[in-house]
Amino acid sequence: MSSYLIFAYGGVGLCGIGVFGFILHTHLLRRLIAFNLLGSGTFLILVGLSQSGRGEADYIPQALVLTGIVVAVAATALALVLIRRWAALTQHATLPEDQGPS
Amino acid sequence: MNIMSLLPLWVLMTSFLAAIVIFLLPEERHRLRSTINIGAAIIKIGLIILLIRLVAQQETPEVSLEVLPGLSLVLRADALAMLFAGLSSILWLCTTLYAIGYLENAPNRSRFFGYFSLCVASTMGISLAGNLFTFLIFYELLTLSTYPLVVHRGTPQSLKAGRTYLAYTLSGGVVLLVGVALFYAFAGDLAFGQTAQMAEFTHTSPIASAIIFLLLIGGMAVKAALFPFHGWLPTAMVAPAPVSALLHAVAVVKAGAFGIIRVVYDVFGIELAWQQGYLLPLSLIASFTILYGSWRALQQTDIKKRLAFSTVSQVSYIILGVTLIGPLGTIGGLVHLLHQGLMKVTLFFCAGNYAETLGIHKIHELNGTGKRMPMTSAAFTLGALGMIGIPPVAGFISKWYLGTGALAAGMDWVIWVLIGSSLLNAAYFLPVLYRIWFLPQQGQWPHESFTQWRDTIPLLLIPALITAALSVAAGLFAGSDLSPLSWARLIVIREYQP
Amino acid sequence: MVHFPMAGLVVFPLLGALVSLALSQRWRTLMSFALILALLLNNALLLLQFYSQGMFNEAMGNWPAPLGIELRIDGLALIFSLMSAIVASICALYAYVYLRPAQLKLFWPFFWFLWVALNSIWLSSDLFNLYVGLELLSLAAVGLVALSRDALSLAAALRYLFAALLGSIGYLLGVALLYATYGTLSLVELSQHFSLTLSSSVALGFMFIGLLMKTAVFPMHSWLPPAHGGALTPVSALLSALVIKASFYIVLRLWTELSLDSAPTSAGLLMGILGSAAILWGGWMALHQTHLKLVVAYSTLAQIGYFMLIFPLLSDTNPHASHLAFQGGILMLLAHALAKAGMFLAAGNLLFCTGQKDLHSLAGLSRYRPLNIFAFGLAGVSIMGLPPSGGFNGKWLIIQSAMLQSQWQWVLVILLGSLLSAAYIFRVFSYTYQEVEGGDRFKQPSPLLEWSALSLSVLSILLGFASMLVLDLLPSHSVVTQ
Amino acid sequence: MTFFQFWLLFTPCLPLILLLAFLHPAGRAMIPFLAMLAPLPALLLSFMPSQSIELSSLFLGSLWGTDVTHNVFLRFTALLWIFSACFGLGYLKRDQHANRFWLLWLMTLTGNLGLLISQDIVSFYTFFALMTFSAYGLVIHTRQDNALFAGRIYLVMAVVGEMLILAGLFLTSAASAHSTLIFAELKTHLPQAENLWLPLTCLLLGFGVKAGLPFLHMWLPLAHPVAPTPASAVLSGAMIKAGLFAWLSILPFGLVALPTMGLIMIFVGLLAAFVAGGIGFLQTLPKAVLAYSSISQMGLMTCALGAALILPEMWHFLLPTLLVFAFHHAIAKGALFLSVGLKDHYRGVSFFIIVLGVLVPALSLIGVFGSGIQAKLALKGVLEQDSLPSWLLPSITLSAMATTLLMFRFLSLMWKNKSPTPSALPLSMNLGWAGLVIICGLGPSVLIPELDLPSGLSQWSAYPSLLLVPGLTLIAVYFLGAYPRFQIPAGDIIYPLIKLKEVCTTQLDRLTPHKAVGVEEQATKPSFSLPTLITLNQAEKTIQSYLSAFFGLLTLVLIVSLYALR
């Protein structure tokens, strides 16, 4: 098993954790973290898989992942702003449908 | 493309532009709105006359616009189109005059007249449509533009009626859409009148052809109020009288009937439809509707409801005429399209006059109205007699051609349908006339207005008198060259001797 | 040589975004409108060029693909670019009048980012650019949803954000897998090498799930109604008209460029089934809403279903029918963009008049605010797919295609959907036609608001007569099905 | 257009033109005089030569014209209308609703005159309808319950008649392959019809309503007594003849032999002649007696027409005879009806003179005086044919018995019912009545010179045979008692029929589930309500609720079939 493939599988694992977290958690921050895990996992897959068969380093996925990280950061920032605002307004860290019957 | 070939477009545009201008006018500009409306109606009649003269000289002005690949909007003025267009344009003028009088001091006039003109524009489009696609477009547009008129009053009943109306007509529209789409998918892009190709198609795939026929007729039967699709018509009676007049006499039911005429004559061709055996079931349904409508009319106590069921019955005469192969039946069907329009519009005008002037809505309240409103009652009488088929009112002419046409087509039983229906018509109209003329007034009128007038205000009275006079003239001078009958003959000559 | 008009499509909105972040409130607006004008001109120029030259490519800043950003414009992209220009400019005009100053301040940057994202998606020809565009689009859209900053819209925005992010990840995962298989991200290169294997299927599967989630196709739609229904009116219009189209556009691009029409029919069938379910479910839900904007939002859900129906109809066995479906789909998209934007704006006006969201509060509006009802109605005509309208023409073509391919089930679904849509739209109408006591107690929206709603609705109707102008831009069917 | 043609056009239009007088108060005052003048052109026309005018624009292309038959009918119709109007001038002087009477009078007149000059189906049908429906207003002029009842019966039967006529006309037109609407041409085509009996039956029955065929006669004895006297006169004298006129115009008498149908007609005619006499004798109203007498007399004419169907060759002789008979009956019956009006207005005149005057038409009708002699003799002369049933002629002779009974009854009722406090006899009434009496006395040979009839005086040898039956009858009446011990209400079989209808309605109503009927519902129940077999409202609702299901099913079926097609 080449090291690149390990990266890829690691990415898959991260993604799995991310999806799991995304579905299971209702706390908005946890969800956000889960999303970030998902994103990182995907980037790993992208880098790992694409480099597997060819020997030399492929610069394109790296460029892509770089861009992807920027995008993810922006998304995270926006999400944080929204979550903060939400928490300030409602005193809740979860969305209404997840708040249970109370 | 010279100016004359654009005429069909202009005929359509007169009412369409009028509609737009009216929508944009502020509610308070009543006088200007009326002027525009009447002006447009008069211009339209002028244009129609020009067109009719062109068509009489064997020309068919045509305008087309490609809207989808291989699919065009075609406005074409052929003889049949002019029959319907002529009727609509004349009745538009009359109904507009009437509506101006009827809605005096009523709210929402801008909306009313706007949709009213739009409704007429769609009717024009239906009559001038040169292919099924164009027909479909205007047919649906008609549904849309009449809905606001049906619910105009905004009362719970009218909203309910509007719902019923939509449920019927939109379902019908969907059926028609499938029919038309199938037609284009399989038979190809055929303009009206290309019956030879349709015959070819029918011979190669008879089942598909039959299904297309069924769907097309089924879709149109809803508007034509054929049994069992007639339920919307009596419910729609909650609309204001000019709307009932327009809906029942011209726009909606006639659009359905006209569509059936188009399908039978210009899509399939009557010989083909006859050979394929499509027409007999249709004539049976039409006959049943004729009798059923009359029978139901007999049981109504509301004037407009009775008239509505009478319409159900009378429109089926047109369809019955269409199903009778041979020139006589065709003439009967076509000419009844016009005659019924004139007579029924008269009746609705008068019903509206009774309601507006005396607050009368029920038949038993009509006692003695002949004395209070002699002119209206005279017009009503003429219309009613015409419906029964008593000469010299135009209804007799249609009935005569239908009867002789049925015999010529070898469908002798039809004359008994006609006779039975006439008897029923007499049974539901004569008691009304009896009340109007021969019974004394009972107590106060329910809600009397316009007391300063001998009859009712001229704007309400004159349209009724005009249409009544026209329906008598159409019967009395049926033999003259200007009569609806001679135009129907012209159409038939062109249909049977291509 | 830089191809200015095409670059302008991306540059101008980007400029707008920067400017609107930097400048003061007043200049923001002024500059924004100047740039909108420039963009409109740009689009017009592009249209003229397209008529004379046909499709062309452009590498931004002389960096060739795959590292550089390659832009490509063909008929499809041009149509979408025009569509977004028209809808966005009218919505911007509306927003300018409608929004409070504080909201407007935030509106412009998000708006411009949205437009950048849209245009880059229309023009991109490689998968990663598309991803960036999508992401940017989602973020801008989420920002716009949250514009009113109350709890409701925040919740909607958050829900939307998570759905969008999930969708993006799914897409990105697919892209990663595809790149791993083919070593390229350019759609053109991909289409030359692509073959439907297990791995590429899985990749496409991920991408499609992600994209469909962003498009809010039936089972993944629950974020849409609150987001579209709860946002401020011009935002709702933008979202419903344009944003969901972007992800759908990518699906369509992939489907046609990768020749998925020759794929097993089960894929198309699945898409069709999802679409049918969306049509029926969306229509049914719209019929049972009590808030006006939710009716319109659910209607979007149903309309998305119609777009999905073209996939089972794109097949290489019957190129003619397939082409009809393609044209029909594009026409529907376009008509929906115009009509839905018009409808949302009209609905916003109605809500403004009454000050309430409830359908019951609409009683009497038809009498006192007929112009708005008319705008709503005209848009409704197109949404219902009644003639004459762009919506009808699109529906007609799809039905024709389905009939020619004997796929009757779609015909049935479309017809049922039309009836449902007629039912929910006329339901709104019947509320407005009720007569109430008490005279005119409604607020009067400014004429600009009324006319911007009306103009969009009228455009959706006019599309019914000018469909050929649009369809002529599309390649003839030999190109589409390749 | 020649002058004659113009005159032809003018004749039916004049009454309509005179209607314009209603627009002005001065004109309204003049109306009775104008009504009297209105039939004058028709009278003049009847003396003009035969002519015709083609009106291609009118209806479906009309032909108006006259020949000898038309002229005779026109003449007695015009005379009758003129003198009745003259009579009405005085009769309605104090009637506050006189205006509406004269309005309808003029309209009815238009119809009556118009149909007599129509030579095509549509004009004829139009004028016939105009006459029928306007006359309804005359019948119910008093608005009393019995008038309204009679009017309703009249109207129902008239409408049924119209429809039968329409059906007959359709079938007649079909026989000519729809090539013509002109009576003369239709007549020649009609014998080629596939089922000749069907159009013939339709037309015989349809016009038979007007002509008072038995079982279609019920309206006559109901309507005549309730209508104002001048209206009764024209109803019974002129309008009843419109039915006969229609038969003569359309049916192919003399062109085709239909022995069975002829025999049936003879039977029916004799039935009418005798039974109507019997029932009429049991009446208590003078006008009802006269109405039955009309039925009886029309029965004789029906007999003659039946004979013509058996023996077409005799049509040449029969037609003039029928014309004479119609003429005679119209004038005599008109005079008799008018005399009923005198029984309250004879102050200043000796009632005896009136009775003498009344005797003229009465005896004439029996066939022993004036025009009656000629008519009866001519009829008998024509029917003296070997190939006709041998019992026909004796039966006709015997029918004088019925007439005698009726006239006797009429005169006695007149005498008995005369008003003890009569009012003065206005001049106009006097003139109108006397005019008809005199014409009746003059006889047809004077008034219809074109038929070249033998003068009544030249046939004196036949008189005794005419006197025999009436004489014997009178003797029998004298011995058996002049007054009937029981009565049959006027309209005879209409009552059992109404009863039958009521029974059916109640029985059917019992079958249907009952719903509470609101007060208003009951008040507005249509007067021609027919039994409701099922509650149609419910049925309709059910249909509507299943409509959507139906739609769905239809679509499914279509889709499946399209799959099958593929």
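Annotations
By letter and in written order, the chains are A, B, C and D; residue numbering begins at 1 in each of them.
FYI, contacts are C-beta pairs under 8 Å (C-beta built on N, C-alpha and C of every residue); 3 or more make two chains touch, one makes a residue touch a chain.
Predicted, not measured: the structure shown is a model, and the values here were computed from it.
Contact with both chain A and chain B is made by C. When the C-beta contacts at B-C and at B-D are tallied, the pair with the greater total is B-D. With centres computed from Cα atoms alone, the innermost chain of the structure is B.
Relative to chain B, the most remote chain by averaged C-alpha coordinates is A. One finds 39 Å separating the Cα centroids of chain B and chain D. Computed centre separation for the pair chain A/chain C is 27 angstrom, with centres defined by C-alpha atoms. Chain geometry summary: the mean Cα position of chain C and that of chain D are 80 Å apart.
Touching two or more other chains at once are residues 555, 562 of chain D.
Across the assembly, chain B contributes residues 171, 178 that each touch 2 or more other chains. Annotation for chain C: residues touching 2 or more other chains are 411, 415. Those residues of chain C lying in contact with chain A across their complex are 66-67, 128, 131-132, 135-136, 138-139, 142-143, 146, 149-151, 154-155, 157-159, 161-162, 165-166, 168-169, 172-173, 175-177, 179-180, 183, 185. Chain A contributes residues 15, 18, 22, 28, 31, 35, 38-39, 42, 45-46, 49-50, 52, 54, 58-61, 63-64, 67-68, 71, 74-75, 78-79, 82-83, 85-86, 89-90, 95-96 to its touches with chain C in the complex.
Interface residues of chain D facing chain B in the complex, by the touch rule stated above, are 55-62, 122, 125-126, 129, 133, 137, 140, 143, 148, 151, 155, 159-160, 162-164, 166-167, 170-171, 173-174, 177-178, 520-521, 523-530, 532, 536, 540, 543-544, 547-548, 551, 554-555, 558, 561-562, 565.
The part of chain C that touches chain B in the complex is made up of residues 324, 327, 364, 366-367, 370-371, 374, 377, 381, 386-388, 392-393, 396-397, 399-400, 403-404, 411, 415, 418-419, 422, 426, 429-430, 433-435, 464-468, 471. The part of chain B that touches chain C in the complex is made up of residues 23, 65-69, 71, 73, 107-108, 110-111, 136-138, 140-141, 143-144, 147-148, 151-156, 158-159, 162-163, 166, 170-171, 173-174, 177-178, 181-182, 184-186.
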